[in-house]
Structures are given as structure tokens and as C-alpha cells.
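Shared between the two complexes below is chain A, which pairs with chain B and chain C, respectively.
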Partner chain A sequence: MVDPTLINALQAKAMGTVDAEIGPRPSDLTVRLSHIDDLLVAAEVLIKQYTMALATLVATDETAMPDGDFKVRYVFEPTTANAPDWFVTLLVSVDAACPEVPSLTTMIPAANWHEREMCDLFGIVPVGHPDPRPLVVHDGWPKGVFPLRKAFDGSQRVPVEPAEEFPHMVTEGEGVFEIPVGPIHAGIIEPGHFRFTSVGETVLLLDARLFYTHRGLEKRMEGISPLDAFCIAERICGVCSVAHGLGYCEALEQIAGVDIPYRARLIRGIALELERLYNHIGDVGNVCAGAAFHYGTATGARLKERLQQMNERIAGNRFLRGIIIPGGVRLDLTSHLLEFISSTLLQTLTDFDSLMDRIEANPSVVERFDDTGILQNQTAMDLAVAGVAARASGVNRDARRDHPHGAFANADSPQLNVMTASAGDAMARVMVRAQEVRESIRLVDEFIRRLKPGPIKIAIADPLPGDRIGISAIESPRGEAVHWLRTDANGRVDRYHLRSPSYHNWPAVALAAETAIVPDFPLVNKSFELCYSCTDR
Partner chain B sequence: MTGDKPLGIVLIEMCILVILGPLVTGIIQKIKARLQNRQGAGILQPYFDLIKLLGKGTVQADTASGFFRSIPVLVLATTVAAGALVPVVQSGPPAFPLGDALMLLGLLALARFLTAVGALDAGGAFGGMGASREMTIAPLVEPVLMMVVFSTALAVGSTELGILAEQRGTSWILAWRAADFLGLAAMLVLLPAETGRIPVDNPDTHLELTMLHEGMLLEHSGPGLGCMLLASHTRQIVTLGLAAALFFPIGPVGAGVTGLLLGLCTFALKILVLAVYLALIESSYAKLRLFQVPQYLGIGFVLALMSLALRIL
Partner chain C sequence: MLRILINALRTGVVTTRYPDEPSLPPENFRGQPIFSTGKNLPPPEVCPVDALSQHSATGVRQLDLARCVFCGRCAEDQWVGAVTMGRDFELAARRRSDLRIEIMTDDTRIPELQPALNPEADMDQVSSEIRRVLGRSLHLRHLDAGSCNACDWELTALLNPVYDIRRLGIDFVASPRHADGVVITGPITRNLETAVRRTIEAIPDPRIVIAVGACATGGIFGEGYANLGGVDQVHPVDVYIPGCPPRPEAIIYGIMVALGRLDARQLSNQG
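On to the complex of A and B.
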């Protein structure tokens, strides 16, 4: 599976030694770069020659281990349709006394937030970063305190330092004014501050400041049993509960080296699609709210409510929490429940088709959606944008196909039709969602037909094997989420990192908003429909 | 020109408008909810909201000047004064000089101006944005409304609303000329804009960045906000009353108590028809992109201009 030419290409460019080994998964490659400056050339080879994109960036504190250093892993994945399922990890060692790495952001815009986060939480400075402002830690956080270092005690409070006003990115000039929006918004949404700079109604610049809901969940999971930490991973975000729970479980199961029963995979697949359905349908309704098309808003909310009530009947939880557990699924789907799911989805499909007909046949709605908030294909590639937003800009990627997981990992899994559009505007994102709704309903039907009686879980021994890494990529409703989990010598969580799709997509929202006017921002934002808590963790 | 409508009737009419204003909003909201397959709040909800707000305390921005506090009262007073000029239960001019349709439009414009001044005074970003948008739209709406009034006034020879309504009360639709139809069409185009509804504005939104009129109310709270909302309700029914007086052939009828009650019923019926029209428009369309609002209002302008031209030629 591993492409040997890649190793040769890396060795040809590098100044130091390049040690390649298989891992974390059998199909993956981890490349140790002895010379830290080789990072730039190695990343360039992966991006330019092999058209890969940054999937995630994980820093670890290994000062207490024999190496006594920080390690930074740059994980890349292919970006072409039907590329093999593999990750390439560039691994560099960072001196603990002088933690600095060369910044990749100028070459790989997608690395921007990753590097700023690493600087905030580990104190590893990306040298040459074009925007070195703090990202995760907010005003008042003491300087020189890095919460993800092992020496930091997460149970203690830190003193609050007096802080200056955050330097928002703004422009100045005749007739230019700033519009501060948030972090507290009208309506029930999560906190985020948006600083618009505009001339009249035209947006010049949008600086989004997030991480108001940073709860330090990754830190909290360290040192406890991975089986217990599952509850935290599942609760990182409400509307991505299934996807994050599944991603964490898949990473954990890689470490445990267990194979999940066939029936459990199908039930996981059904749960993942049910989550996508209530999200996508609710999102289509919400986009209508952005354009003030009340019929669409009300209908979207009604259909979403029906699906969430179905979820409650299936799992006892409107967000399908508690259905997936490490080793399989906790709840079986009885034939009675399966019939209920099928009939509800059939009814939902009819109602949803009728809603889409009304949206598409209403020129006033189409006019609002068309050409609003355009995300160019090149921008989407540069920022490694994920999910619906990427597919609506012509990026043919879907983790269900490209990194098979859940029911898609079964040998007889149904073919997934990846829906793409090329316009990159709000209309394209709505249409991709609508097609994915129909595809998800078809997939659930296929999964139900493949269900055979059998075990639904497999026991996982605690403690888990030590010093192992698990990596998984899950297609959540918002796009690919990359989970990275490592156990320490005692089989406890050493480091867990979630790169949510929203994490890569927020910078794209800002760029898309800059193609629109101020009153269209809610519409642009809702057409991306990103999570805050997934991003903030 | 003075007629025989006593002061008492004028005052009763003004009170009726202020009292029924919130009900019209409640009815529109209810129809909209039903059209969206929702149950919706009761039609009396706007009254409950007003009562709730009147019992609340006031919070004011530090940047607001003393003038800010008086804005809601001034806006309400101006709008209610405009209400005195609309014939409700009885047509014909009042027995004393009060003001004509132009005065009515002027008072509504003054209320809008005061609202915008209040929004700017508070110093919030959304208020300024709402005020600037409202002031961009207003010059496109108000002159066209005036043209519509003139078009009808030319036929009658007076700008007195009571006389216009009386005249319309005797001219059934068969007697209408092309100019009347064009004027009505222009009025129907302008109604959502003047009442702050879709496709021009969205009264139900919580999305500050998209707001026009609502954006200007954000800094008001408690009884002040209550006054602003009551002013909005009154403004809406006054605008509908103006449209009814100008175009609806069932004019206010007769004298005596029976006549007045009959007049009230026909007035309610006319307002209801216009309310249903607004609710239908709001449920069928999305809001226009801000920069396309002038084009939409341009349709109203062209219709009104043609109506006026046909009258003169």
C-alpha cells in the first residue's frame, strides 16, 4: 500500500536523515525527519508532488520520556478522489529548552490555526508565522503557562492577568467602519466574536475569534482510561455526538487491536447516517432562516424534530448518545425499531423532497442563495476545507469512501455516491446537502437490509496496550473529523487530539463572507453551519 | 376645506387605531404561522408583549444621551397623531382644519427620522447600521407614496383623506380608470416596505446583521421598547388605513350610531383583507438582497409615475 517513491522523493530533497516506518495503521507511513528544517521541503513534496493536504497536526510533550523532547506530528492525507486510504505523518523532534519549529503556514494555509494552537497550548513557537496572535487562550490567561504540557496541573486554577484589548485584524480608511458581533448572540447559538470591517455594506475583512467554549477536554482525558475517556469524546459536541464517539472508538479499537462484529458496524453506520440526516435537514431549514424564507425554516425545524424524536426512541437520547461504545454498540436495533426507522425515513424523504421543490421553485429564495458567499475551489484546497463546504466547491472527498469506517469498513458495504457541485456558493452547499440527505436515506435502507443476527459488541481488556497510536477519520455531518489517540506505558490516555471539520472550515467562512455584503453574512454562515464546541474543545 | 365630522369622532377613530394596531400584527403573525404549518401564538400576543414590557425596568447604553429616553415617547406621539388623520368610522373631512394625506405622510416620516436619530444616539453598531439602511430605503418609499396620493387627489381635487375616502366610497370598481389600478398596484408594492415586512424587511428575525427597522430598536428596553413597538403597530394600521381610504371602494358609511358601527365593521374588513395580503406575501417570498430593494421599489415608482401621468394627460 505504501508508495515507495514517496520515501525516495523525500530523501532526495532532505538535508538530514529520513527514517520511514509503517504506522500508525498498516497502510500509513510515519517519516522521522532528523533535521527540523527539512520539514518545509518534505511538506512541499507531499503537497505539490503528491497533492496531499494537512489532515491534522498533533504536538506531544515527551519531556518525561527517554527522548526528553516535544514531538510534532504533521499528518497528511491524499486529496484526490478514490486515493488509497493512508496518512503520511511527518514527525519532528523539538528541543524542550528552545521549542521552535519553522512555520508551514505561508506554504500551507491550513496549518495556520494548528500552529497558533500549538503555540498557545504547548509553547512551541512556529517561527515565521504570519499571524502569531493567540488563538485558543483568551485575554487574561497568564503568559508562559502552557496547559497541554505534562507539567501543567489541569485541576488547578490559574491566576488571571490584566490583559490589553485583543488586536483584531481590521483595516482603516475613509468611510471604513467596524462592526463587532458577539460573542453573545441573539438566538440559541454558541459564542464566537466576529469583527467585520466594512465600507457601506461591503465586507472588507472578517476576523472571527472563537474558542470561547474551550473546556480543555483533551487535557482532561489525559491520564484516565481510554474506555472512560470515551464519555468525554462523545460529549465534545452535541450535534456531532455519534461521529465523535465513533471516531474515538475506532482509534481506540486500533490500539486494542480488536475487530468489531459485522452487526455492530452496520448499526454504527445507521447511527452515523441518522445523525447526518437530522443535521442536514435542520441545516437546510436554517439556511432558509438566513434568507428569511419562513416556510423553509419552519418545515426544516419540523422535519428535524421528527427525526430527533425518532432518535430518542432508538437510543433514549435525541442526539443518539450512548448508542456507540468502545467495542461495538450498546443498543441493538430490534425488527420493530427498524420498521419504525424505515417508515419515518420514508415519510421524511417525501416531506423533504416537497420542501426542496418549494425552495428550488421559488425565485426569491434561489436568487438569495445563488452567488452568495463563494468559496473558490483553490481556496478550499489550500485551507483543506472538509465536508459539504468542500464538496460544494468541487473537492471530491468524503471520508466514508476515502477512509472507510463504521459500516463502510465491511467488505460488502454499499457504494457511496459522493455528491459534488462546482459553484461554491450557498446554493451549491444547499444542493449538496439535499442530495446527501437522499443518499443517507438510501444508505440506511441498504444497511438495514444487510443486518444479520449476531453479536453487537466485543469486550476490550482494560488496561489497553501501552505506547500505541490510533488514528481515524470520520465523515461527520460537517465533514471529515480526524481523531488521534495515543496511550502511555500504562495503557492510559497520553494524548488525544480531535481535528474537527469546523476547525478547518471556519477560516473559509471568513473568506466566503468577504465576497458578500454584511446583511448576507448570516446566510453565508448558515450555509456552512459549523460547530463552535467541536472547534474549541 | 372643512366638513361636518366632529372632534369626538376624530378622537374615537384615533383611539380605535391605537387599540387595534397590535391586533393586526397578531392576526398577521397567526396567518403566517398557519401557512407554515405551525400553531403560532394567539392573536392577542402583541398585547401581552406590550403589557410585559411596560412592567419592566429600563437599561440604557452608557453612550446614549438624555435625548435617547424621550425618543420612544416622541415616536409614539408622532405616529398616534398621524392616526388622527385616517378616516375610520366616518368619511368626509373633519369640522375643523386638521391636516391632509401629506401631513400624514410627513408625520410618519418624522417618526422614522426620530427612530433613526435614537438608534444613532445610542451608539451601537447595529443601531447605526439599521438607521443607515432605513434612511437608504425611506427616500425611495416616501416620495412614491406621495405620488400615489397625488394620483388619487388629482381626480378628486383635494388631498384631504376624508374627502378622498368619501369619493372612493361612491366610485365602484367598474368606474375605475387605468390610473386607479396602477395606483393600487403601486400601493401594494409599497405596503410591505412601509410596514417593514418581507420582501424588504423581516420583523421576525433575530439576526442583527440583516435588520433594518428592528436594528433601530435594539438599544431600547422596557417601557421605551414597548412604546416603540406600539408605534410600529400603529404605524402599520395607519399605513393600511391610508391604503384603504385611497383605494377600497366600500367607503365609510352613514351617520348615527348604526352608521358608525357599520363604518367600523367595513374598516375592520378592509384592514383584514390587507393584513391577509401582507401575510401571504411574507410567507411566499424570501427577503430581497439589500441591494435589490431599490429595484423592487423602482417597480412601485414606475407604477405610481404612470398612474400620475395618466391623470395629468
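On to the complex of A and C.
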């Protein structure tokens, strides 16, 4: 149940009224602040007194609704292990004629990109933001055009206007070099621009510019049936297809008010761990590439390939697309397939252990991984870093335990062992991944043992109930992803927002890279292994 | 070091023999949807990404494989039996129009295809020129123009020990100036348009342009504030490879078609 002391603590600090109500989920709290300036003190209470972190920030355009305003929701979540599963939303109304909110970034560094994105896409200005450069829209985007406002027609191209060069963050001085890299990189990787400022090999500053792959996904989903939009949510990111598909479905199912069958939850749980497995194993191989250990790279690629071939046998798609659907799962796991999964995982475990032995026994690899790209624990907390990157810096958080979903939402769910390390370097991230590989294999085995015959999906009526909100947090291979979905009066998608794990982790990569040398950047970057596509959307 | 050698020897050869030997995807695989004639067929609204359409005057249904994401929805629930997801994955085509397949039903007559005007005829000549200059080997530059990275991971997989595309004389190079062609994934986002154009221009002529996956072939997004809606919006495309994402062997097939080492199959809706 919702903690009443929190409401009292907020009321004590606020100047205006504080209206608290339960929601979006029965365990959550939404707090309306009548005074927009109360945002700072209220956020401070949540962060300092309740050690919460910013989970996501969602703006909505309600100018055509009775309130005639914009709304901004700042969603917070607990950060301590074994805290209850709840979200606290601070909700403010923003005047459409003068859309401004006080910036939280100085107090909550994790709010930085959220506020810049809100400014680009909604034209809601975070007053006092320390770095108000555009984020999502790039050079040549016309001033005063905001794609996520309802009046904007997303199906039209927007003319490119003449633009000045983007103000990269750089420093100057004797012997200081500026190294521009990207957006197109030498290799099969996603696009982003990195501007290094260096003295010799030492990185002084790294300014990462992303959102090259911004596809306007959230706008694309607006106005269509949430059941149709699922297909797009599943395609936000290739290697997080299960996690994002699941997160979207859980939000949608809350809105629909349906309970997913036991067996479907287990199959979803198995799919989620299989996704983590092929990612983690492939990532360990790729980190080896950063240290020029080709045996490791080739072995990682071979094991990943074997898992993806298994995915294709299970789901008909090598990225496990098409297994999860709103209401449950599309494909059942026959006993034949279950045997195949078990034997493949057994073999994978043996081969992976042998790969880890070779990595740990190789001093030239260990030497490169140790002390490279250090992310301090405090920095990880301040930036609300997610997933392996956070756990390798001693942050004990995992959405599978903190916000149970999929198979973890079953009453008889197995205990999850959250793997952490303290060093915060590339080695720690590799080791946490390796432990999580073994843990995922154990979990799949546990889930399989719990399977019993039963239905695998439940029908969801279209249109869905109108004016409802669903929220979910999923531990994807890269960390916690927060999905926020609202239907309009007709049960269509009014607003969908995804905060991907990489969204919070990118600024951390830049800071970790500043502890390294330029040639180590690929290694640092691969040890974090972030997605561009789910960040840029 | 010794252990590494022993492990490598123990692993043995894992490389596939595709395309010399055919590849049959697993039973659950969702390839080209196959429509049975004479059955009650799913209406266009069933498809979440507008790959199904119906001509308003003639009532003729069409499946656009360039838009299809092979989700299987049109083969579910009441459409089981009327539509099945085939196991065919070799779907690459030289022309966009080859991917639009008319769905034949017993009660609709198919208008004859007009053989006359073919604006893409001279494009074929360009392709044979490319084949003459480049021979059987191909060095490709990869270009992510806003994909979800699934197609890109499949391109990476082509270099793994299982597909090892280098055995076919094909490799990925770092600089566009070293490339004979480019494989492009993603819908061409607005934020990448300039970079995409410049990269293509940096590749010496004649060059091969291959569009990989549903976004690149014009599906899912289409034109909008953030996207141009497909590779052919910036440059003529030599080969379209449908799929979401296409499996590695489907990409190998497409590259072979681009090189003229394999002929694109005639796609039809009959299984």
C-alpha cells in the first residue's frame, strides 16, 4: 500500500496544494502539484529523503482536452534493494501559452536528456537547464515546430533550413586536439557522433551526439490501435525485441485490465532470459574485439549464433520476434522444443565457461580490461544508470526483482540473484555479464520446471478502454526500460513513451571514457554495450 | 595459447555450405505469407503495417513484401488455413514492383500485367555493367540509416564462423572509397540523410546499392517528419531484401542476386 508519510512530507515542503491519488497501478502514487515551482522541493524530498531516482519523464499535449494545457509527469522509483514495487509520479500542468517548467537537471543529473527532449519535441522549456542545446532534432530543423504536439502532422516532411554548425562541447589549450568521429563509423555499428578533446592519447572531454536514428516512433504509434502499435514497439530495438515487446504488452494489459495466464508468463520469462543470453554472450565476445583477442570474438559470435538459431526454432525469428503478443504468447513451447532448449543451454554453458577461462587466463586481455573506463558508484547513482553498467559499479538494482514482470510476477517465481561488482571498470562489466549468463541459464531451467499445461493467451477486446494509463519496467539485456502508455477517449494510442536503459547510460559512457585513452574508447563503449536505436527512437 | 588451439580443433568446421546447398528454415519460421485460393481472405486492416491492400475499383488484393514484417497476424485466428506463413526466405528482388504480389482468389480475375512500358529496363543495363566491372567479388560498405539494429546484427552475423561470407568473395570494408557497393538498413532518417548521401557519393561508380530489411525497402515508417521512407528515396536500389530482419542466408541470397550469381526467383502467392 501507498506510504502516507510521503504525502505528509511533500505537503510540509510545498507552497501550493498537493493532491495525491492512487495510480497508474494500484501500488503507485500520482501527486498533482498546483504550484509548478513546488516541483523542485517535491523532487528533492523524493530523491533525498526517500532515495528515489528518476525513472522516466513523460510530457503530453492536452491542449485539445478540457484542461487545455500540457502535462509533464516526472516518474520516480525506489533505488534500495527490496523496496516495494511502486512508482511515484509528480504531475504538473504547464500553461500552453507560455510552456515553461523549472529545470531539475542541476539537482537530478539524470533529468538532463529528458528535459532537452521535452524542449525539442513539445516546446516545453526547462528554465535554468545548464545545457539547453537541441538533442533530438538536428541541424536545419525549423524553430517553433514541435513534432509531438497534437497539432503537428507527423506524416509530412519538414523542410531543412540553413543551419550553423552544432556547438560541440570542446576545450581549448596548448596541445589540445579535437577528434571528430562519426556519425558513420568504420564497421557494422549504429550511427552516433563522438567529439573527443584530447591531449596526446588522454581523453579530456567526450561529447556524444546521438539521435541520428530518431524515427519518430512515438508519433508513429499515436492514433492507431494499441494492438497494432505493438508490432512497432517490438521493433524499437532489434536486440531488445522481447524486452520492449513485453514492456509494451504489460502496460497495454494493465489498461485492458486482463490477467495473463500462468503458462504465458513463464514462456515470456523464458524468452526474456534467452534474449539476455544471446546478448550477454555476444557482448562478452565483442568486448574481446576491443582488446584484439580474436579467439574470444569468434567464440562469442559462434555461441551467439547457436542461440539465435535456437531462437528461430522457437519463435520463427532469430530475434524472438513474434513470440510475445498482447494477451500472452503466440507460440507454445512443445516438450520437444523444451528439450532442445535445455540441451542447447547445457552445451552453451560448457562452452561459455571455457571461453571465460581463456579470457581470465590471458594476461594481455585482463590487463586491457582492468581499470579501463571506470564508472564511479556515485556517478552511476546520480545518472540513474541501469543494468549491467550500474551493477558493475555496485548499484544493487534489477527490475526483475524491483518491478516483477513476466515470469517473476508469478507467485511461485524463483528467487533472482542480483549480480554486482564494485570496481566499475570494463573487467567488472564483463564479469557481471558472465555471472548473469549463468544465472539466466539457471532461471530458464527453473521456469521450464514450473511449466504446466494451460492456456497461453487471453483475448483483448479492441477498442481498449479509453483514457487509461499503463506503466511497466522491464529488465532488458541492457537494463531497466520504462514504458508509459495512455489511451485516448476512443481507446487508441494517445501517447507512448519509452525510456530505454541506454538513455540513462550514454552520459555515463562519456564520463567513463574520460578516465581512459582514445584507443580504449571502443573497448569502453563495448563494455557498456548501449543501443542507439532505443535511445533515439 | 595451446588450450586455444585445442579448443579450436575440437570445435571443427561450423561453416554452412549455403548457397551451394539449400537451407531449410525451421518449422516455426515465418517467411512469405501464402494465400490459399477460394478462401475467405483477411481484409487489409488485419495487417498492422499496411502490407495488405485492396484495389478500390477491381477489388484485387495485394501483398507488398517490401512492407511485410512477417509478423504472422494475417495467418492467425479466423485466418488459419486461408493464410499460412511459408518457409520461403529467398525473397530478394531487383525491382520494387516485383515485391508487390497480387493475391489471386477464385472470384476475382487478375488483370494481365502490362508488358509494354518498363521504366526500370535501363536499370538492368546498369546492373550488367556493374557485374562486368566487379566480377564475382564484392566489397561492401554498411550504412545504418536508422535501423533498429536487427538487420545490422544479421550483417555482422555474416562475418561469424557459421556464415563466413568472405568464403564467397564478399567482405565489408571500413571506407566507402574502398567499396564497390553499399548495404543500407533503416528508413533513411532525416538526421542521417546528409551522411547517407555523402557516403553513397564517396563510393566509386559503378556501385551497387542494396536495401536490407523492411524499413529500408519502404515499410513500417514510410515518409514522415523523421524519415524519408526507404532507400530508393535517396538513390536507385539494385536489390531489395525483404525481412524484419532478413535472416543471414536471405541477405547472402540478395547479395548473390545483386552480383548476378543467382537469379531472383519469380515470386508468386501460390505455395
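Annotations for the structure displayed:
Note that in this section the second predicted complex is superposed on the first by the 537 of 537 C-alpha atoms of A that agree within 3 Å, B and C clash if a C-alpha of one lies under 4 Å from a C-alpha of the other, contacts with A are read in each partner's own complex, and residues count from 1 in each chain.
Quick note on the criterion: contacts are C-beta pairs under 8 Å (C-beta built on N, C-alpha and C of every residue); 3 or more make two chains touch, one makes a residue touch a chain.
For clarity, every value in this text was computed on a predicted model and none was experimentally measured.
In the overlay built on the shared chain, the residue A:Gly187 is in contact with chain B and with chain C.
When the two structures are aligned on the shared chain, A:Thr213 is found in touch with chain C, with no touch to chain B.
In the superposed model, C is the one of chain B and chain C that contacts more residues of chain A. Of the two partner chains placed by superposition, only chain B is touched by A:Ile517; chain C is not. Applying the stated contact rule after C-alpha superposition, one finds that A:Tyr532 touches chain C and leaves chain B untouched. By the touch criterion stated above, A:Arg442 is placed in contact with neither chain B nor chain C.
When both complexes are overlaid on chain A, the residue A:Tyr295 reaches chain B and chain C alike. In the superposed pair of complexes, A:Arg133 makes contact with neither chain B nor chain C.
Contacts of A:Ile232 after superposition on the shared chain: chain C is touched, whereas chain B is not.
Comparing the two interfaces of chain A, the one with chain B and the one with chain C have residues 186-187, 295, 298-299, 302 in common.
Contacts from chain A toward chain C in the complex involve residues 137-138, 147, 152, 154-158, 160, 183-184, 186-191, 211-216, 219-220, 227-232, 235-239, 241, 295, 298-299, 301-302, 304-305, 308, 312-319, 321-322, 330-331, 354, 357-358, 361, 531-533, 536. Chain C meets chain A in the complex at residues 3-4, 7-8, 11, 14, 25-30, 48-49, 69-73, 76, 85, 142-144, 146-157, 159-162, 172, 174-175, 186-187, 189-192, 195, 199, 215, 220-228, 244-245, 247.
Residues 177-181, 186-187, 201, 288-295, 297-299, 302, 362, 364-365, 367-368, 517-522 of chain A are the ones that touch chain B when the two sit in their complex. Residues 32, 35-38, 125-126, 129, 133, 198-199, 202, 204-210, 282-292 of chain B touch chain A in their complex.
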